[in-house]
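So the structure is just underneath, and the comments pick up after that.
A, B, C, D, E, F, G and H label the chains in the order they appear, each numbered from 1.
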């Protein structure tokens, strides 16, 4: 049985170039994670089985990326009490449909929605959630934040010299 | 076991004033139908059970009304091969979220979407679908269409006299 | 006289690359279908003649794809009591105009709307409608659904190994 | 046979409070006009008969007001070469659907669209069109424009004194 | 002094590829027309001078194409009682800003708005307006409409044979 | 001749309840200002005369509030080199048309746009502009900012006690 | 020093009726929480002080509700590595501005966004986050989910009997 | 200590191609300006330090360009009483999110918003603000306006000759 902290799922193989960025961030923070493709609409039974599997294996946070009528995160949230992070994927309608389908959940069943194509931020949010009870991750997040600030500041100097 | 031709479901009791109009049309056409409340997010297990029950009882068409991140019709479509008609219900965002969540389904899993709050039309569409193989309903639909046209024409005369 | 079960029409020759996908699905399911170009605005008389012809030939379902002020499906729905499926085609406004023009029909005259550019799903829906009274199609739809689920599941395995 | 210069039609009796304003402007300018209710979707045959009747009677301009999937102006434009003015009527989606359904017409079949609920302006535009070949109307339009400007100017004085 | 029937203006030289289509249609119908560039915002004085010049020369209809905060048609409509046709030009916001800026005019000052980038239709509408009092143009419009219908019908046959 | 620092104009008398808030802020800061009604579309000549009058009288900043196809601020910006602040007024389309018509100005002719119905902020911005060269106003703005912060902080305490 | 697990903040006192629902849910789950009013724009210094205070007191999750250009959640996320949940509050633009301002955060600084006015769900999400390392809360969440499902199911029975 | 009149900041290095146009206009008018990169979210402390530095150095106007949940201009406006000009940068959602995040500021804290990607206009507006108390700039602005008008007029002649 797996030992994932974070379970990442996307609605279609074509979402991989975007959802890959979640995996990269999780790897950077050293967080064990699994990644799969499963569709709320095309493989619903497999999806439910996978959710149960993940629950049983002790997963702490779900990340789900989907486009269009993006129900993936919502379906997971319906079947778990773990935090579910939704990534709306760009679509023919710019991802506006994906965003609204992901975020506008009814009372009692939240999906923590990040920006359109914001898979990296979904992973950062997952790390922040795990860090609530993990002081090592807490330290890493503070360092990550500081290095971001430094990176911006150094770019700023480059521009001043132009 | 029930003998419904059409199974109507809404995501929340508060959708009743709108979904009621579907029942009225089905009654008008003499089509046996059941009506229930079940949420894709708040009662997902009960929803799946209900879908199977309806399938087993020989239901021919599903009608699902929901607002916001409206996944109800999509979840049903994921679990049946029967035609599923989606009614996007008005929301804080005017039903734009409900509409996009209902209509933008991925390849292989269509939801036959009608207008925002268009429950009456969902029922007319269900009757049209049943009428493909039911000549009595076919006749009733032709009469219904003719009476609509006459009603408009008679209103038109009233206005001309103003 | 033709013996089509499904009549497919598009508003402009330029919609062909999209509407083609409807034909492919219908062919896959072995459903007899005709395909034509006719505009609600540029060839309205020809359109009405074609609708009558199709009706006379015993067609069971209409599929209409159009973009912009997409009236094609609505005009057909006004002249038939058969189920009419509308495919909003991508436009300069992303297909938002096409979607709203197709789906927001008045009481009594529904158009079963699918996703923007969702021609394949229009065909799946047409097959679902025919399957209400055709057990062979019913069986094929179940197989189609199962093969979709398997395809997703097998892709999922590929990703896990990455 | 009637002797209308302008033919006004609305898709539903409920559009009357708005379309009434077109009639008032036409009356103000002394332009003969008829007014009717006819739906592109619910009474299509009656609509086509009415269009022909109006054409035969020598009508010069059409004004059509409709909401939702507002096809009324477009259908008229498909069947006449007279200028057709479209009034998008407010809807559950604020009239955005009505506006896009009315204005986004394909090449060759224009609808002269005015603002959402802009029935008064539809009538002013009709008068402007008739005035191209009617010097009396031309004079009245110039006076109308001047009185509008004076009205604004006088209101402006009222405010300055506050 | 010019003898234009229709005066075409665009807000920027970059609108030429689109507005060109208006000129082509006017040429096809043999309607004398002038074409210029003038901005409501960058050359307002020149614009007002041009409007007066056109008025003096007996122009019958204005066509104005502009994008973004598209005030061009509205400014002309403020200074003339002739029919003004507005063409919203595609923008960074898809032309939604151009469309709303053009169509949502206040009572008393209509702009006859056509589709986003619908310059050809602006010209057809101008011809329809002129045809109210010009039986030659009326005949040409009927022929134009018939040839459109025939063109669609012949394309339809091509597809049937595929 | 007037001695206004800020000239406030609205497109219609009905905009008064909103534009009033600009006057209140200007009064609070002791900034001389005039207020008028003038429409870019219904009284364009009067508007141009008023702009010139204001320019001649030494006005420093313009504030213009308008709804729908809101050209008022843009027309003023076309005729002055003074800063022009635009207030988009709520409309049938929620003020989205007003906002886009006001803000999407072409290169060279900016309109400093504030929030929908943000007349108070238009006035604060005008004061900030005048304060660039007026140290009294600078001091008042700092005090205004501090009192805002204090007000929020005191409300915060009230809530904590609940 | 406080001992809050969750810190709730709203941009304006007027957001209280909505944000109250977050407090109710937190109380239901027995989660210690504080509530305050502080504006990213009107009281930025006080806000930063409050964030530091909350951080120092060991708060685990932030919930921030704001409308319009809703920067509140984003500013907090910029200054903490704790999970920040954003509640977009309904506005003149239906909360679309609030939603986009809250959710579209740049890489590295996520805001976990819930539905427009979804304060209750923000609290449920906060509880889900705390439950990752708190088995009592985990149990309560499972019970909460079950009672939701039962409530829907019992409503469903009521409707069947109608 | 710097002697900038205008301080330009962008949220990300990738905004440079757009914000560059502000620098070009400021250079054209001979206005001293500084340019930097600083993010409201990724380098908030550095941003606050920079704002104070600019304030201390006597900067008169801020220009801030950012995309997505564009808080940059708003954060600056929260910390200064100087005029702050916001440039919404194009995003995955066409800049609609950037526009609304920038313009919809609460009472008391205005951001002078220009068009999406309107960096050049942000600079023109800054010059207009400085010109309130600088007669040299006033003269240059008048010349700039006249040359714009001439440029349009000359282009117009080119077209007439076509």
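Going forward, contacts are C-beta pairs under 8 Å (C-beta built on N, C-alpha and C of every residue); 3 or more make two chains touch, one makes a residue touch a chain.
Everything numeric here is computed off the predicted structure, so don't read it as measured data.
Although chain B and chain D share one sequence, what matters here is the overlap of their interface residues, and that overlap falls short of half of the numbers used. Taking A-B and B-G together, the pair of chains sharing more C-beta contacts is A-B. In whole angstrom, the spacing between the mean C-alpha positions of chain C and chain F is 52. Inter-chain spacing, taken between the CA centroids of chain B and chain F, is 49 Å. Centre to centre, using the average C-alpha position, chain D and chain F are separated by 35 Å. Counting partners per residue, chain D has 39, 42, 44, 68-69, 93-94, 96, 103-106, 108-109, 111, 115-116, 148 as the residues that reach two or more other chains.
Every pair of chains in contact is given here: A-B, A-C, A-G, A-H, B-C, B-D, B-G, C-D, C-E, D-E, D-F, E-F, E-H, F-G, F-H, G-H. For chain E in complex with chain H, the residues that touch the partner chain are 13, 16, 34-39, 42-46, 50, 68-69, 92-94. Residues 60-61, 81-83, 85, 99, 103-116, 118, 120-122, 124-125, 128-133, 138, 141-142, 144-145, 148 of chain H are the ones that touch chain F when the two sit in their complex.
Those residues of chain H that touch chain E in the shared complex are 90, 94-96, 115-117, 148-149, 151-153, 155-156, 159-160, 162. For chain G in complex with chain H, the touching residues are 11-12, 39-42, 44, 68-71, 74-75, 77-79, 91, 93, 96-97, 100-106, 108-109, 111.
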